[in-house]
Amino acid sequence: MTVTYSSKVANATFFGFHRLLLRWKGSIYKLLYREFVVFALLYSMLSLVYRWALADPQKRLFEKLSLYCDKYAEQIPVTFVLGFYVTLVVNHWWNKFMNMPWPDRLMVLISSRVHGQDEQGRLLRRTLMRYVNLISLLVFRSISTAVCKRFPTIDHVVEAGFMTPEERKVFENLNSPHFKSWIPAVWFTNLASKAREEGRIQDNVDLQAIVSELNRYRTGCTTLFLYDWVGIPLVYTQVVTLAVYTFFSACIIGRQFLDPTQEYPGHEVDLYVPIFTLLQFFFYSGWLKVAEQLINPFGEDDDDFESNWCIDRNLQVSMMAVDDMHMNLPPMTKDIYWN
Amino acid sequence: MTVTYSSKVANATFFGFHRLLLRWKGSIYKLLYREFVVFALLYSMLSLVYRWALADPQKRLFEKLSLYCDKYAEQIPVTFVLGFYVTLVVNHWWNKFMNMPWPDRLMVLISSRVHGQDEQGRLLRRTLMRYVNLISLLVFRSISTAVCKRFPTIDHVVEAGFMTPEERKVFENLNSPHFKSWIPAVWFTNLASKAREEGRIQDNVDLQAIVSELNRYRTGCTTLFLYDWVGIPLVYTQVVTLAVYTFFSACIIGRQFLDPTQEYPGHEVDLYVPIFTLLQFFFYSGWLKVAEQLINPFGEDDDDFESNWCIDRNLQVSMMAVDDMHMNLPPMTKDIYWN
Amino acid sequence: MTVTYSSKVANATFFGFHRLLLRWKGSIYKLLYREFVVFALLYSMLSLVYRWALADPQKRLFEKLSLYCDKYAEQIPVTFVLGFYVTLVVNHWWNKFMNMPWPDRLMVLISSRVHGQDEQGRLLRRTLMRYVNLISLLVFRSISTAVCKRFPTIDHVVEAGFMTPEERKVFENLNSPHFKSWIPAVWFTNLASKAREEGRIQDNVDLQAIVSELNRYRTGCTTLFLYDWVGIPLVYTQVVTLAVYTFFSACIIGRQFLDPTQEYPGHEVDLYVPIFTLLQFFFYSGWLKVAEQLINPFGEDDDDFESNWCIDRNLQVSMMAVDDMHMNLPPMTKDIYWN
Amino acid sequence: MTVTYSSKVANATFFGFHRLLLRWKGSIYKLLYREFVVFALLYSMLSLVYRWALADPQKRLFEKLSLYCDKYAEQIPVTFVLGFYVTLVVNHWWNKFMNMPWPDRLMVLISSRVHGQDEQGRLLRRTLMRYVNLISLLVFRSISTAVCKRFPTIDHVVEAGFMTPEERKVFENLNSPHFKSWIPAVWFTNLASKAREEGRIQDNVDLQAIVSELNRYRTGCTTLFLYDWVGIPLVYTQVVTLAVYTFFSACIIGRQFLDPTQEYPGHEVDLYVPIFTLLQFFFYSGWLKVAEQLINPFGEDDDDFESNWCIDRNLQVSMMAVDDMHMNLPPMTKDIYWN
Amino acid sequence: MTVTYSSKVANATFFGFHRLLLRWKGSIYKLLYREFVVFALLYSMLSLVYRWALADPQKRLFEKLSLYCDKYAEQIPVTFVLGFYVTLVVNHWWNKFMNMPWPDRLMVLISSRVHGQDEQGRLLRRTLMRYVNLISLLVFRSISTAVCKRFPTIDHVVEAGFMTPEERKVFENLNSPHFKSWIPAVWFTNLASKAREEGRIQDNVDLQAIVSELNRYRTGCTTLFLYDWVGIPLVYTQVVTLAVYTFFSACIIGRQFLDPTQEYPGHEVDLYVPIFTLLQFFFYSGWLKVAEQLINPFGEDDDDFESNWCIDRNLQVSMMAVDDMHMNLPPMTKDIYWN
């Protein structure tokens, strides 16, 4: 479920964002606490070894190693690599969201321009909308782990009422090795074309408006599929992940508090808890987690898109719009500003 | 109310932007003065403790802690994180603004292409425009705290004349668990379709032009809704906020003026007032405040969009355009450049 | 007037950009020389005071202050803040330019598809184009100081022939508290609709093409208005301006040449003229001036858009296209590649 | 073949990205291992020479040279140059992917709106779709090395059934020195126009919808061609490559472990294996490899677009849609939510 | 001529980009060698003066000056300023390329939907396409130095067959002080309108499709013109150029090898050839040259767009498409996958 917090920050108030820091659901703490514990444990273990287990000459050697690690940890360009990478991931994620399929544009057209209040007319409008919903369901099944769990086979699609058993037979008989989400689109346009011949769609201007909306809808679905298929190159993700992991490996050694009596510059004080290193862990790992969470928003994270809800909403709303509400208007009365 | 200052900076003049620094309304000072006072107080208290309350060995310890904090404060990548984050927030904010609903495109079409100067024609055009305004009102109610305060219930919507009591009954009888802003859109297209059958809309080219504008309008409203629903991931906002807050916590300790007689490098002078740290507070907090103010522009900040004004303007203007101005043209006369 | 220099840099030649450094009009020198003089004066005065007016202990104190200022001046993130801010300003500025209204798309449609070579036909086409020009004039009056100076009242608009006195009466009688630039658009579509009924526009396909171009044109104008109304948040501009001004205040103290005999590191040489600080002044102030000049491109700067020229050009060209050139074609003859 | 990994990262889990680090196919290791070996060898050889082959005075000289190289290696702005450059390359790459030709929009139109279940009708629809596929094949041949290998001559195109021998004759007789991918588009529209005259396309609304989709399809193909033709300026690529190569040349000398007994600052410890330099090699070279892999995604890298698969899929799917599925609808039955 | 190298980098291979470093045409070396020679000469002369001409006290003074210059050279934010500026220039350059006029969309429409195989029909189609080509030619003449050289006067345009002498007379008699590239567009739509009246264009759906493509084409041309007219603000270009030139001026003094016996930190070794400074010259100047080359891509650089080729190709191809190929279809035969 998406984590919505915009109403909490409607006004810029006194320390306005601090309230956001205290949430658990979808928060950085929930995402990171396990990594944080591992990091803190490793750091502590090394710290204990340095303080208690090592002999003096070993300590001196470790101190040199620590200084060396610290020096190079600062040279790893984590900030930039992450900045550019996260910007890319966020753009992709947002484009995916903007291409989520909503049948609203199609349903207002079909509700008003596919005529006939008899059973045949109702059946026609409902079937058209069912095909529309079927297109997006087929695409969602291939990109969303959540939807895939709910509809693991075509049987489940038929059971849920998105496809009739007859359609299923035809669907499976069509012999193509490729992904078949385009089939209901062909059915849709052919059915619309048939409705045009029967006069249930008045003329070709209406028909083309409907077909062009269908194409727009299907292109949105295809775009989702393409974003899932290709995505951000693996190499880029690996480079960034390596950079962050290396940085923290270097930090575990390089950010140890060294014996202040040795008077290494920058090591005058021994605080035991490396507060700033832990905070840096939160910033950088948190930034990487932003990417990790957004790179596939069709999973089951707290902040992922609710594909299953979207599928249900679209079916319920579109059926109501083209069936119950077809030519079912409230009476027109004068509004209160009349004259 | 939006703070407009572009006319003040029409020309690039001598120290042109300095005038902007002296404004209060919508300014950084108004937004930040409370946080600034808190920060200054904390800094001063710590300063007083250091100078008067601590014994000499404690002072030496505090000085080491201060140097340590100062060193790491500089390593926190506030600038970059803020730069990338604010760029993202500003883009979202601007896209929201560009999707604010304006019925002007629809009203010129309805005014000119829905015929009939009789009462039925007027009623038809007014009802169509009312539905258009109703769509955006329903969406605004769910995203804008200001509009939500003004129209807390559907009663208020009916009272304000955006919905008739009959429509309300139908609206509430439609049984859907989902957000219902699409209902007036279905009414609109069905009513337009009815007008087409009665011949008040001449042919389907006109009708489709109207329906397609309606879809464009509704898509704008939906986009606003989607931006509010999903928004920038909470984790990103938390990472940035944590970075800024941590930086300033570190500054409160690390930017204290240490006793110059101890000859710490960079601490040769004691100015009492840490002028540059205070200015840094203004830059970074101000930058974060930019984000805080823009992340939800439908609140009641000085610089937020005036949703309520927009709702009123749209209703007033669109009613006038489709009713009073329908086929009410000034006489055509030759212009002054004729021949 | 816009400063066009692209023809000077058509080819990448030997030190190609250096020629651009020697221009005065629209140049950084013209924009900055006053600020530069002020900055140089302040620096010199402080330098004289330090060298001649201060006693030795005061000098030592000043030197410490100077070192302190210098250290923090480098910490102010001027480069980044400016980089992100100027990128934002440049994007807005370019979008404004891309939305400048050009009636060319409309005029080719009206010239060819609104029939009638009699006086009534000419009057019709001219009136339609006049309304189009009137829309943009009304918008320009509210956003451009240059246009506002030329047309301070509606009287001037009528005198210049953009509006007839009859239209003015109707315009002012329409009772709306809101900005009225939409009124000529309603007139336009109603007049086009009337022309359709009289058969001067052949069918609704033509009519809808014209109306849809009108909507496109009006949306461009509205976009200009919206960019002027909301613009870049004041807080952001203030943050950036503060950062730059603070940086230079710190520089005036921190970049003084200190007595080399005191052997402060980095102060081994006394050049009297702080050449690099002055150049930095040019970079950063110049970068800020870029923003200052572009944030409102409808003023009277050297590099601002020529709104008044644009208004005149549009009227002249569009009148010629729909009147003199209507169905006035050069004879068709075979071109030189025929067979 | 594209490397798809989005399903592996559907949920942000404990050290979620680490699994990606262990892949070989399409990974940074596969891309970089050869360069890495070369780099490591050169470093080791120099290290051995320094440790064993040089006399003491030569060692001192080498140490000075090494320190000098190290100092300047840090000044080379690899991070920024790479950040900006890779962002540009990724944008181009993604635009190419988004312009990959899919005939789905066209095929639903042709399947439903080009009538006739007789042989002539089938032939007409199949020929139209064949022309569509031919356009993209011709473009792919010129931009993709993989497709060029499969279809080195027009003979291969004819053999694969994308062109009939008759068409080939006409195609080759058309005398134009320029790239001929536009020819099938002209054939397509002329054939559609003929179908309109024969009544197989009902009216011009349908025809224009088809032609406009064809133009959209062809513009996508042309865009691919243009991206291949111009691409990112060679100079930019050279600047970035030079920066990276120089950086690593400097590192080979500058990052040698110098004799700790000489007490150069930062050289207190001799680890033999320059672990951080090797990791930096992975980051920066990996980042450059991202660019190298994406700059021409129509080659045969692991992560390149599968042009040949795309050509086959488009032909198979589009033929099935316009032939077998034309007016071949599953029977309409009531869905399970009926009433 | 554009430098195309994408086929050289189709696959990411062993040191893949190094081959690009060895090209001369369109390369950084060709663009920069003159500046490089000047820079190297100035550096050498100063070096010689310092080593041989100066007396010892002067040497000490020069060394202090050199250290001072070196310190400040590093503070000049060349990297960022260049990064942001070049990104802007590259975006503009690419948008220009994407708006290059191609008449292909128009020619398929005119070839198929403007009927008549008689001479009058041929003349009509050829004249329409000629107007289309004339629009872009007029625009290219004003923005491209290469095209301007080829067509310095309207005489040349007439001679090259883009305009007939009759058209020229009409063109020059139209009395307008403004740029006249819109005139052929008005001719085009009026001629198309006449063809519609004569029945050579079947109905208004076809006509509007043609007119709307014409408007799209013309808008592309206008966009090119606007990009040339306004472009990137001069001030921005000056700021960037100043930054780079200043940086290198500072380097000439600050990067001299100082006498190692004076033991200035970082000056332990005297290499005579400042290899890294020369490489930095290549990076930064190269980056600036990228901008210089792209800021006006209509010149005669190696990497500029081939406007003259584009004009010729468009004329040749479009004439062939609307004349020879009009209704001249290859015979339809069954493809090899039939059944």
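Order of writing sets the chain letters: A, B, C, D and E. Residues in each chain are counted from 1.
Methods note: a contact is a pair of C-beta atoms (placed from the backbone, for glycine too) under 8 Å apart; a residue touches a chain by one contact, two chains touch by 3 or more.
As the structure is a computational prediction, the values presented were derived from the model and not from experiment.
Student: Minimal path length between subunit B and subunit E through chains that touch?
Tutor: 2
Student: Under the over-half criterion for shared residue numbers, do copies subunit A and subunit B use the same patch or different patches to meet?
Tutor: different
Student: Measure off the straight-line distance from the CA centroid of subunit A to the CA centroid of subunit D, and report it in whole Å.
Tutor: Between these chains, centre-to-centre, one finds 24 Å.
Student: Taking each chain's centre as its mean C-alpha position, how far apart are subunit C and subunit D in Å?
Tutor: Each chain's C-alpha centroid was found; their separation is 39 Å.
Student: Residues touching two or more other chains, restricted to subunit C: which are they?
Tutor: Within subunit C, residues 31, 80, 83, 87, 203, 205, 289, 293 contact more than one other chain.
Student: So how do the chains connect up here, line, ring, star, complete, or something else (other)?
Tutor: ring
Student: Which order do the chains take around the ring when read from subunit D towards subunit E?
Tutor: Order of chains in the ring, subunit D then subunit E onward: D, E, C, B, A.
Student: State the interface residues of subunit C toward subunit B in the complex, per the touch definition above.
Tutor: 31, 34-35, 38, 61, 64-65, 67-69, 71-72, 75-77, 80-81, 83-84, 87-88, 123-124, 126-127, 130, 143, 145, 161, 164, 166-167, 169-171, 174-178, 182-183, 185-194, 203-205, 207-208, 211-212, 214-215, 218-219, 222-223, 226, 228-231, 233-239, 241-243, 245-246, 250, 288-289, 292-293, 295-296, 298-301, 304, 315, 319
Student: Spell out the part of subunit B that touches subunit C in their complex, as residue ranges.
Tutor: It is residues 2-7, 9-12, 14-18, 20-21, 23, 26-28, 31, 74, 79-80, 83, 86-87, 90, 97-98, 100, 102, 104-105, 107-109, 111-113, 202-203, 205-206, 209, 213, 266, 268-269, 271, 276, 279-280, 282-283, 286-287, 289-290, 293-294, 303, 305, 313, 316-317, 320-321, 324-338 of subunit B that touch subunit C.
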